[in-house]
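Naming follows writing order (A, B and C), and every chain is counted from residue 1.
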Amino acid sequence: MLTMDTLIYGLALVGAMVNAASGVLEAGRKRFDLFGMVVVALAAALGGGTLRDILLDRTVFWIAEQSYLIAALVAGVGTFILARLVRLPARLFLLPDALGLALFTVVGTQAAIAHGAPWLVASLMGVITGVFGGIVRDVLCNELPLVFRGELYATAAWLGALTLIVLPQLGVSPRLAALFAGATVLALRLLAMRYRWHLPSFSARR
Amino acid sequence: MLTMDTLIYGLALVGAMVNAASGVLEAGRKRFDLFGMVVVALAAALGGGTLRDILLDRTVFWIAEQSYLIAALVAGVGTFILARLVRLPARLFLLPDALGLALFTVVGTQAAIAHGAPWLVASLMGVITGVFGGIVRDVLCNELPLVFRGELYATAAWLGALTLIVLPQLGVSPRLAALFAGATVLALRLLAMRYRWHLPSFSARR
Amino acid sequence: MLTMDTLIYGLALVGAMVNAASGVLEAGRKRFDLFGMVVVALAAALGGGTLRDILLDRTVFWIAEQSYLIAALVAGVGTFILARLVRLPARLFLLPDALGLALFTVVGTQAAIAHGAPWLVASLMGVITGVFGGIVRDVLCNELPLVFRGELYATAAWLGALTLIVLPQLGVSPRLAALFAGATVLALRLLAMRYRWHLPSFSARR
């Protein structure tokens, strides 16, 4: 029987692993040493949830439960070995990044709801959990963060977080809502990359 | 009857709004998209108090009380609409910035005192609350933070924080001390901009 | 009688002072004003322990006990005066930096163990406490952080943290283990600088 806690734990574990992979794939294009590679992988995997837990004053998830740290290290090293055996396309890291965005947005929103946060705060926590690991990864790799590069990113996460909050009010089971919200983020993000969907860009001065 | 708590709540709410406005006015000169604009406004409005609450291990103020988040969003969007209707001078953001510095320094020092922090720590918390939102805003806009640009800024905040700590020891009511300390920061900062008051610049090597 | 708590308190106090000195020595090569100098000194002295305490949800050490803040200020100002009286070599800050790395790694690992963290997390906390103050200092001075410059740095801290964790399991007294672990970090770091020991640098793509 799949409980909500088990589902969230599994999603977060997979999220940590795909984000660690995205970190190694992006860092691999720079000449980082082994330590730098591990730092980028861990920052991508654990950054978003860490900021959420500090803001909510929860025990930081990877300190309470060491398995996230180990999973991120294993995924990072595994990706590193794979990348040395097989030639991987440079933009491949966008795939684990999109998957990590979807997983962490669901996990982060869920954690904030369980903590009793009001809905607007909960949806913002979902976005922060989803995007912050990728921001730290990109800053460490000296790349402009994906979230600021124009194609739908944080907006996709926010719509997914709202989906997760609204669906249970309409009678949908929380587990189904979580899966549907994750699929929404992933689909929106992949379509935004494919068809170059942008948020309107404004300037206060013409 | 104006209680201290109500006064501090009101000052913090106005502080969040003027800082959100300063964020939109500065971001308006860059070509941020709508999401980037909102991020800068929220970072300017909530950054200082968030760091203070994390350091003091208090519940983060905008998570405990959603009205700050909503006020910052409303002020940010309102400023954005205003800036599209009326041509505003480029340096206008310095005014809400100075007002936000004064308000948040008072609120931050007061919160640290109420938390039982010793006086030196409390005055430092006031400075951090006052300046940190503006630092994050300037970094996101890729500008050198105002606080490092030479004219009195953190020093003005620190003198105001000390005023707030010393006056009640001399028999002044806490409410009057709060208003006087805020006026001190605002006056010092505006005069420093007008007359280019600098802190001496040292170099360890001649 | 030297208790473990007194030893750790003393090591952390000395760590804060040497890190403040390293901050002033590095900032002295740029034209920071007095406020900027103090900010760099405090960030170097208090940054690592602050991040550790926030992650572990402990009371931040310099807020609980004001003496660290005062010691860092005194050491920073003292270094500043010394640097104006005597011509100091530019690379001198590497010495207090290495000493601070050793001291803070021991203090940070010890604090995490006392907090009940599992061993892998505790060793990571030691590394974070050891390196983070120097990272913030270097970023504020607009220098590439030492930890990313190639010579053994975080690795030295990590080996020291593991020493501190393993030795008591083998029957060594905690106090002796702390002194030995600190000496390990300091020796590894000094030798790495002298003989240019590097971690292998990998690239995912040949």
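Annotations
One rule holds for everything that comes next: a residue touches a chain if its C-beta (ideal position, glycine included) is under 8 Å from a C-beta of that chain, and two chains touch if they have at least 3 such contacts.
Remember, it's a predicted structure, so these values are computed and weren't measured experimentally.
Chain B is reached from chain A by a rotation of 120°, derived from superposing Cα atoms (nearest 5). Residues touching across the chain B and chain C pair largely diverge in numbering: under half of the numbers involved belong to both copies. Here the spacing of chain B and chain C, counted between their Cα centres, is 31 Å. Contacts with at least two other chains are made by residues 54, 57 of chain B. Contact residues of chain B toward chain C in the complex are 54-57, 117-118, 120-121, 124, 147-148, 150, 154-155, 198-205.
Within the complex formed with chain A, the residues of chain B that make contact are 24-25, 27-29, 31-37, 39, 50, 54, 57, 59-60, 62-63, 66, 69-70, 80, 83-84, 87-88.
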